[in-house]
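Please read through the structure below; I'll follow up with questions.
The letters A, B, C, D, E and F name the chains in turn, as written, and every chain counts its residues from 1.
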Amino acid sequence: MKQKTLEPGMLYDGSQIKPMWAFQELGVKGSSIVTWIGPMDIEAEELIDYEDVGLEITSAEMVHFIIEHFDVQPADMRLCYHRQRILVMIVKDLLGEMGIKCLRKGDDLYVGSGKLSVSIASCSISSMKIHFALNLTSKGTPADVETTGLTECTPGVVREDIPTLAEKICAMYIGEISDIEQDIAKTRVF
Amino acid sequence: MKQKTLEPGMLYDGSQIKPMWAFQELGVKGSSIVTWIGPMDIEAEELIDYEDVGLEITSAEMVHFIIEHFDVQPADMRLCYHRQRILVMIVKDLLGEMGIKCLRKGDDLYVGSGKLSVSIASCSISSMKIHFALNLTSKGTPADVETTGLTECTPGVVREDIPTLAEKICAMYIGEISDIEQDIAKTRVF
Amino acid sequence: MKQKTLEPGMLYDGSQIKPMWAFQELGVKGSSIVTWIGPMDIEAEELIDYEDVGLEITSAEMVHFIIEHFDVQPADMRLCYHRQRILVMIVKDLLGEMGIKCLRKGDDLYVGSGKLSVSIASCSISSMKIHFALNLTSKGTPADVETTGLTECTPGVVREDIPTLAEKICAMYIGEISDIEQDIAKTRVF
Amino acid sequence: MKQKTLEPGMLYDGSQIKPMWAFQELGVKGSSIVTWIGPMDIEAEELIDYEDVGLEITSAEMVHFIIEHFDVQPADMRLCYHRQRILVMIVKDLLGEMGIKCLRKGDDLYVGSGKLSVSIASCSISSMKIHFALNLTSKGTPADVETTGLTECTPGVVREDIPTLAEKICAMYIGEISDIEQDIAKTRVF
Amino acid sequence: MKQKTLEPGMLYDGSQIKPMWAFQELGVKGSSIVTWIGPMDIEAEELIDYEDVGLEITSAEMVHFIIEHFDVQPADMRLCYHRQRILVMIVKDLLGEMGIKCLRKGDDLYVGSGKLSVSIASCSISSMKIHFALNLTSKGTPADVETTGLTECTPGVVREDIPTLAEKICAMYIGEISDIEQDIAKTRVF
Amino acid sequence: MKQKTLEPGMLYDGSQIKPMWAFQELGVKGSSIVTWIGPMDIEAEELIDYEDVGLEITSAEMVHFIIEHFDVQPADMRLCYHRQRILVMIVKDLLGEMGIKCLRKGDDLYVGSGKLSVSIASCSISSMKIHFALNLTSKGTPADVETTGLTECTPGVVREDIPTLAEKICAMYIGEISDIEQDIAKTRVF
């Protein structure tokens, strides 16, 4: 599984959740986790979460993660959402260690009553995709939702530390998935 | 998914990881999570983890969880280990909220340098099984492994609170799996 | 699995076979069976059965059933068609008990030489869909096909009894699928 | 899918439900349905249905069906039980046409209050197995269960007609499974 | 699995890789292998291989093979590419027996430094598709790729022998897949 | 996927086909291909191929390959036999390049009328296993089967070159499987 960090600034408009985005746009072939800092403004036609239909999904600055898995054929939404949960729990854990106590509800993280993250999963028959992103600030988020950002928490994350944090998250996620594969190979079955 | 709490005292000897144990021994039919307090002493022929061959796997008192899932046919070791990780992370989270800071390595929890838990997953073609257990004390654990127990941590868990904690873990796990199913049903695919 | 009965009158135009229709149009989330009385006129671009290309698929009044299953991931056309057959056989059985002797050919029901029903199955990667409908009368059915309707059989079904019949079919189908799940959980495997 | 009718007389002792029985004992390779008339007396260690543990499962004379499917890899208990239901419904239908009105509860057929049939399904990772059998008489059936037999119904089936009936059941089952495969190949998916 | 040979001349424009093409265009229902001689000119929007984006994929005359498999549900890209490799290896073998020594790199065949073949696989949720084609000559192939054709090799294949060769390839492929199914049915599993 | 070459001499008695053999006996964890030179004498209770029941399966000296795959969960006999065929075709190819023209029938290689190889595949729910072996000489092979060995062909393989040949086979097989995974990640699906 490959890891790639992009230059800051790319807008997350929802097109990045499409299967094969990393290969077509970045030349990254095979399973991967890509991270970058940039705004979010999801176009209606790119919506994946039918519960979000009609909602504004925006943020001025987030740290994004796009994951694609080709290891399971055919792709499986159930496994994909399990992996998404594992990712979110890894992030919650890591923030906790940095002193930022989050509350997790499903695939959402909150700090106090402020929503910190967005996430969705999807798949085609040949790959599983996950998008997860954390607000850096609450700037540019929808007016009707109480939000917060990593740099606004107490203690907040210094903006300069985000790239390191992002890569640590990637490494921990990759490690976890690889670790699970190792466990299968040591286990007696019935 | 059913939840059942057994009377304290039953020895975990490894036979409970076998598929259909809950139905054959307890009359619990279908997917379930069973919890009880009791000692552990795994017999060699019941070993599931080939890395444990030749090791003593014992503890005088643990809170045990046995999970069986029939929802996925045929059963899938990969998904099973993802669910195991989610269970372990839920427990870590919950203990953290109680002030017990754990370190997780794969499916093991540590408090300081003391190993707090054991876990394994397995499956037959028709069901997925998970065993997870937390030491209440380090009594009766192998001499060559540094261990700790829930009641020995600082702040420790009072013994009387274990059953409530156990049922909370069960409820959170059941909720998480159910929540994932809900998420599948709201998601656009490609 | 949820059951919902709609107000009579909605046209079945083929769009209802699309995955997530029940959630997007009715707010019904998760596996479901929806039933209603209404006409049918399938638009060419909504055709699912390639053997029907170029055919007129119409009826002035039918009792419709739309089923969606999210339990199996990834969705499986083979299982979906098995479930469709089970539904059709349940209906045949029930009509037989009411004195209406049907002949079943694959997924079609006939009374004498009159075609009584239409059915199709389809799926996306995350859900399995079934449409099944019974003519109430032969009114509005294609001129080149001999058809019949529930109210035209001898003994015919009184129009007022259709909703009750429809809900009985739903209940029996839901019961059967649930019963199969129970059977898995009592069975020894090799 | 092959069909084979055996000489009457072979005891069904439960060993025939084992995967590969038809190949190892009869030289029938690949998916098959085998039928014969013979007694039943299931040995405790051959029990597949954990709900039958401790019960006597006997009959002096039954018409047996043993099905094995290799088409789905890995084998799937869920699909297997769907196929079993389809078989039982085919039999119920056929008996109904002969004037024997049965009641079906899951995979059991009753005539009046008398249990007419037994059935179980199972699988290994490479094949799915189904056993289904109908009593010819209630002779030799357990004293604590009310049973009936095909020749004891009104109108009863004449003993000489059983082999023809059995082969008709086989042909209809094989036809149904093949028909489902055909339907997959004409269906648009999403 | 059905085999069909078409009249020469049909352009391969990439549309034939779509699921259900054989049924919709040729009335061939179920798993099949179709072969014909004709040119190739793949339209950009029909491209399946994202590595070919922007490339010209043309040839004046090729012998084409289009395979569709419905046996595995849901379809599986991994299995599909295994079958593609088996097809390519069968062709390499057969050409070798005719004295044409090929080099295989993945799914491409070369004679000397000339590329002899093109191939791709794809699938929908209900079927697996493979396209494989061999140049008859290098005429009409992209200027920037060194190519060769069956009739240009030494010893070359006489043009009149291509249909026989094509049908032999079809027969060997069908035989291999059928043979694998037979092997499953003779194998003990754990 | 790991490759390991063992010291010559180990008897292949059939026990090596069991899942997890490489981990339990050699400490090789995860997918692997293990090769060594040694005799073969399969014990009756280790037989996997039910067509071999009652046959003597022996050879004084062979080059063995034991493959285990954990990548597909649950394991799949169909895919496993496809991989076995790919392995056998790779070997045939390689021998052909060395001037040894083989005939392949399913998973058997022949040189002239002499059987050169044996092979079987099997699986548990969590791994797929393949055994393939080539006779070095016909010594010790069953009297009732015409056999040949790599060193007895014309041109024969020099005994000293066998280890290099074996490792080349391993490398080519590993490369092929990895190459297939790469192809999935570049392919558009429907």
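In the analysis below, contacts are C-beta pairs under 8 Å (C-beta built on N, C-alpha and C of every residue); 3 or more make two chains touch, one makes a residue touch a chain.
Worth saying up front: this structure is predicted, and the values here are computed from it rather than measured.
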item	value
Touching both subunit C and subunit F (chains)	A, B, D, E
Of C-D and D-E, pair with higher C-beta contact tally	C-D
Numbering shared by both copies at the subunit D-subunit B contact, with half separating same from different	different
Chain of greatest Cα-centre distance to subunit E	B
Averaged-CA centre spacing for the pair subunit C and subunit A, given as whole angstrom	40
Centre-of-Cα separation between subunit F and subunit E, whole angstrom	27
Mean-CA-position distance for subunit C and subunit B (Å)	43
Where subunit A touches two or more other chains, by residue	19-20, 23, 50, 72-74, 76-79, 123-126, 181, 184, 186-190
Category of the chain touch graph - line, ring, star, complete, other	other
Which chain pairs touch, all of them	A-B, A-C, A-E, A-F, B-C, B-D, B-F, C-D, C-E, D-E, D-F, E-F
Residue ranges of subunit E touching subunit A (in the complex, touch as defined)	50, 53, 74-79, 123-125
Subunit F partner contacts - residues on subunit E that touch it in the complex	18-19, 47-51, 72, 76-79, 81-83, 85-86, 89, 92-93, 96, 104, 106-107, 120-124, 176, 179-181, 183-184, 186-190
Touching residues (chain side subunit E, partner subunit D) in the complex	19-20, 23, 29-31, 70-73, 124-127, 181-182, 184-190
Footprint of subunit F on subunit D - complex, ascending	20, 23-24, 73-74, 125-126
